[in-house]
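Alright, structures below, take your time with them.
Shared between the two complexes below is chain A, which pairs with chain B and chain C, respectively.
After this line comes the complex of A and B, so read on.
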């Protein structure tokens, strides 16, 4: 195996791996600071933060160091490469570079959104000089709030790493961002009248290592050190981007992509990034209800749930096939689908299991785009047309219990023809999943149970309404388009009155103990061969692929 | 020396020297014809044997550079001619292009044949309107005469020459900045490797050569490698890295002299000879305080160093970065070195492309410090600060992608070293060259 020597520590790298000095040092547990380098973008080696001493260990054991410092990002390592990142020469270069970067920086950390997660702050603290020797006035550059609908630029905070420019050229392909002017007067800007509003635009804010590009949505909302982060999965489409949910005091403030080579890579789209507002919508269902003939019988969870159990048990006396239908939304987690399917079959072995409406919008949206707006190869990011997170997971459960997946359109037809008497809908899709016309068909039902997130035409007609939780408020598993099962975690508590869906179904099923996703995953794995990979219980940071029983090799991103 | 006959500039004073007709009458394009009868590798060898070193400033051996191209490359190879001539006080390329463009074009044709390139791009700085018109006309004449185009003289060799006008920036003279600019991009120098000979213009192997180098190539083909080697200075035995400084060189003389201009002389002439024998002496009967040997990034020769031979090896011995473009700028003893250095710093701050942090911020910072010193607000520690900034951005440790920051840092370090007492006196007496308001206007 090729061996690289980082600060006197030998570290082995894979024989086919192509690493630069920064990556090799990371393997050795050392950090080489860098700004402009990003593993998904081209190498420009312009910030000069990652300058290190590089040399080569000859077969005879002697070490020949290059006289000049080399940018670690630009220098590939091979067997015998020697990297020194802690010599006086390197430390002096880091100090100098940081002093340069801060020369014209306004140092307005107290009012800067990035403070607390800022590359300039962190590196200045770790590698910087601590003071500036500039006595002259700083350059003043105008703020640009027109960069994009969601993006604003504090120009004077910018360190000209050009990550944003390269992102729009190489990943989105839309090339809105550019550098204007020259030398110290350089600024990031857009072409006049062409704002950065592509569907991946929000990523430039994440890529910005300082507080220059800021999200208008998040601007001045929260100091980042108050935020608590939980790993989760974006439910916006079947790509299943790994994300973090950042909240404080049960208020969700932002979603950020979390790097996962098996899911989406490093980025996420703006539909997902800004599309979570329904979680805090005032249309959230917050009261369990039992209705009868237009009258509210109860609004108490205990009463509603026990009454529902009784009602469903009564129903089970009618052993006629197809009269009781359970529709499980592709927004439900694997655990919820399993609990409900199992419960339905226990209550009534002839219960028919259907998948809720699978919403698709247009075609898969592939990036980067070429100059004509057409996708160009290789694909680096895909926003999928299937706007739900877990169709594959729900289908796996339905296939197991029933051998087939009944589409929701068939259910509506059957209801319309009068062959269905009772319907239990497990929802979760924040977009209207049922039209008024379709909802009118539900009038024919003797029993309608709606467990959902938001009020809908269906919840208005339901005999039982069970207010569930949003994806950010519960534990569970989503299986993406590629069969990658990822865990979602409870980032915040839902509004008072709502309950995590797993818990509701757990109680309804009469199970003892508490809902615990990992234990339930093991149970599911032992029962459903297609989901055997969930047997690990803890799916880890990156999830597991259903096609194997262990953690998978990285899948192609996109 | 008195027997030296100019060759590169031999035709410039003739009437209609820029026309193909007169050029042919003087034996023009015979060297190209001769080359077409040779194997390309023999042309390369002849240039190699001549010891020709690039005239753009770095002095890299031209023939050696050509051999860096991949052997038997199947795709296109390009020749890019650097006619950006953006080094201050340098104007020898301009004279060649305006007054003898065919000499340059013949050199280009020969070089293209040697490196098997079918396409040459001339990257011309925007300000050179007369050069543009002269070259454009000359290229059209060549196409009409069958000297360019398909199957030249039945040799099977095709050649297209494209004249491209830049948009005026110093950095476009850096070879990879030039390539980026030719591709239609911002002229940000590329990281190397890969070097242009492997991956250059449009990601194809590319040789970048200077205008004067092309004229030399033409003369070498006409007169032979031995003729070229008979002129100039052989390698310095005490410097193993010196490849010698052969051939005639166009020296530009400007600044405080009575007779500024461009003269062709054998390599190795001294600054004093240039001033006294060719520049008419320092103006107004004054003495020279300092001489820039070849572009301001090279540093300064002090009055006691004027006998330094201006070959590729000489200026380095007295602390200059090198010969550079061999364009001397004479500074008389009435001029403040603070003002000179401020001008240098202003130039580099204006011309830094802004890609690398040390250069982008360092050049502007040095400019601001010098502006403050000129406002009478200098402090003695400023000189050490200038030195430190210059050291951290240039040469040692070589912290940037291209050489601009090295070039920006060198005159600062060099001037403070050689003229420190003058700087200290300026600061301590609180002299003011400018009103604060003017200085601020310049900085911002």
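After this line comes the complex of A and C, so read on.
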């Protein structure tokens, strides 16, 4: 195994791994500061922050160091490479580099949105001088009026790392951004009349190590140190990007991509990034209701749930197959699908289980694009056409309980033909899963139960309405297009009156105790062979692939 | 653990002598103190509200929001005060400054709304210390009253009016950078900042009087 020596510590790297000094130092637990380098982008070595001493250990044991400092991002390591990142010389270089970067950087941290998560702040604190010796006026470039619908550029704060330029060239392929002028006049700009409006544009805000590129959606909404983050999964499409949900006082402010090589890499699309506003919609269902003949009988959770239990228990008398149908949306988590499917089969073994409408829009959108807007290989990011997060997970549950997956369209046909008496819908799709015309067919039902996020034509007709929670407000598991099961966590509390769907179904099933996702995952894994990988309980930060058959010991949950 | 009896020291009350047991010396001692106060007349009562108290200039009363030299609110809505506030009584909603308005050309961000709950406030002055642009200051107005709780929620206009009312009064000076924004948004005439950290003894360049010259 090749061995690299980082600050006198030997680190073994894989024989086929291609690492640079920054990555090798990370393995050794040391940090080499850097701005322009990003592992998904090409190397330019322009910020000079990662200057380190590099040398080589010869087979005879002598060490030959290079006389001058080398940028760590641009220097690949091999067996015997010696990296020194904590010598006087390196520390002096870091100090000097930061002083130069700060020469023209306005110290407007109080008004800058990046303050608190700023690379310049952090490195100035850790490696910098703490004060400036510049006595001349700063070179302040005017801000750009408009560079895109979602992003804004404060030119004066830019340190010219060109991460954004490389992102639009290499990942989105749209190449809207560029460096104009030279020397001290150098600045980031768009081509005239070509704003940066591609579907991945929001990522340049995350990539920007300083506050030059800011998200218009989040601009000045919150200071970042007030935000509390929880790991979650973007429900926008079946790619299942790993994200963090950032909230303060139960108000969701932004979603940020979380690096997960198994899911999507380091980025996320703008549809997902800004497409969560329905969570705070006025159309959210917030009161449980029991309706009969147009009159509201109760709006109390306890009353509604208990009378729903008795109503559904009456269905068990009907032994005819197919009169009780349960439709589970692909927006439901695996746990909810399992609880509801199991409950339905307990109530009436002849109950039919269907999957809710699986919404697809267009075709998979592959990035990077070439100059004609056609995807070019290798694909680095995909926005999938299937706009739901958990079709595979729900299908796995339905296949187990019934051996087949009934599409929602055939359920609607059966309802139209009058062979269905009762329908329980577990919704969650914010775009609406039923049209007015289809909702008219539901009038033929004797019993309609709608558990959903937003008001829909169906919830108006329902005999029982159960207000559920948005994905950011509940615990559970989503299985993405590739069979990667990832945990979503309760980042914030939903509006008063709504309840997490898992809890509603848990109480409806008459189970004792509280809804606990990890315990349920273990129960599901022991019962459904296809989902055996969930047996680990805690899916960790990166999720577990369903195809992984390794039996892991159940971990204690805390 | 019980206390070791060896560690306990019993103190006995000293026995009283004959005169002490009559209690007369103690009575006369008390009368003497009373007599001293009767003879020595120094009133401490203040005739408030006819006579206003003379408060020290560091007295912490109602907040004010300072104006800059153009009459705009000096606050840049950085929310440092709201972060520092231990009573969590400050609520700020920020907005980006109108780009096309020359009046706001040199500003990026300003408070759309700035509300201080004066009933929640504990008048500790942390907001004043946290403010990087010397916008929020505590005045020596102490006698604030209101008929409703809503009245005591001081919004931006009210806090600015406190500034207008107090800027020229004695004991309420505009303490720092009169009329100007602080360092943070002073782009054109930026002062060399003093060392925020301790300078190492061997860092000669840091101690140089002018840049590029090392003594």
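Simple rule for what comes next: the second predicted complex is superposed on the first by the 548 of 558 C-alpha atoms of A that agree within 3 Å, B and C clash if a C-alpha of one lies under 4 Å from a C-alpha of the other, contacts with A are read in each partner's own complex, and residues count from 1 in each chain.
As a convention for this text, a contact is a pair of C-beta atoms (placed from the backbone, for glycine too) under 8 Å apart; a residue touches a chain by one contact, two chains touch by 3 or more.
The structure presented is a predicted model; accordingly, all values stated were derived computationally and were not measured.
K.L.:
Should A:223 be classified as contacting the first partner (chain B), the second (chain C), both, or neither?
P.N.:
A:223: touches chain C, not chain B.
K.L.:
Once chain A of both complexes is superposed, is A:74 in touch with chain B (first), chain C (second), both, or neither?
P.N.:
A:74: touches chain B, not chain C.
K.L.:
Contacts for A:109 in the overlay, against chain B (first) and chain C (second): which applies, first, second, both or neither?
P.N.:
A:109 contacts chain C only, not chain B.
K.L.:
Would you check which partner chain A:154 touches, where first means chain B only, second means chain C only, and both and neither mean what they say?
P.N.:
A:154: touches chain C, not chain B.
K.L.:
After lining up the shared chain so the two structures overlap, which partner does A:15 touch, if you call chain B first and chain C second: first, second, both or neither?
P.N.:
A:15 sits against neither chain B nor chain C.
K.L.:
Is it chain B or chain C that touches the larger share of residues in chain A?
P.N.:
Of chain B and chain C, B contacts more residues of chain A.
K.L.:
Please work out whether A:62 is in contact with chain B alone, chain C alone, both, or neither, and reply first, second, both or neither.
P.N.:
In the superposition, A:62 touches no partner, neither chain B nor chain C.
K.L.:
After lining up the shared chain so the two structures overlap, which partner does A:135 touch, if you call chain B first and chain C second: first, second, both or neither?
P.N.:
Both: A:135 reaches chain B and chain C.
K.L.:
Look at A:101 in the shared chain and tell me whether it touches chain B only, chain C only, both, or neither; answer first, second, both or neither.
P.N.:
first
K.L.:
Would you mind listing the overlap between the chain B footprint and the chain C footprint on chain A?
P.N.:
133-135, 137
K.L.:
Would you mind writing out the residues of chain B in touch with chain A in their complex?
P.N.:
It is residues 169, 186, 188, 191, 349-358, 360-365, 368-369, 371-372, 385, 392-393, 397-401, 440, 443-444 of chain B that touch chain A.
K.L.:
Contact residues on chain C for chain A in the complex?
P.N.:
For this pair, the touching residues of chain C are 76-80, 83, 94-96, 99, 108-109, 132-133, 183-185, 187-190, 192-197, 205-206, 208, 210-211.
K.L.:
Which positions of chain A touch chain B when the two form their complex?
P.N.:
Residues in contact with chain B: 43-49, 51, 68-69, 71, 74, 89, 92-93, 96-97, 100-101, 103-104, 133-137, 139, 159-160, 179, 181-186.
K.L.:
Could you list, by residue number, the parts of chain A that touch chain C in their complex?
P.N.:
Going through chain A, the ones touching chain C are 106-111, 115, 129-135, 137-138, 140, 143, 145, 154, 156, 219-221, 223, 225-226.
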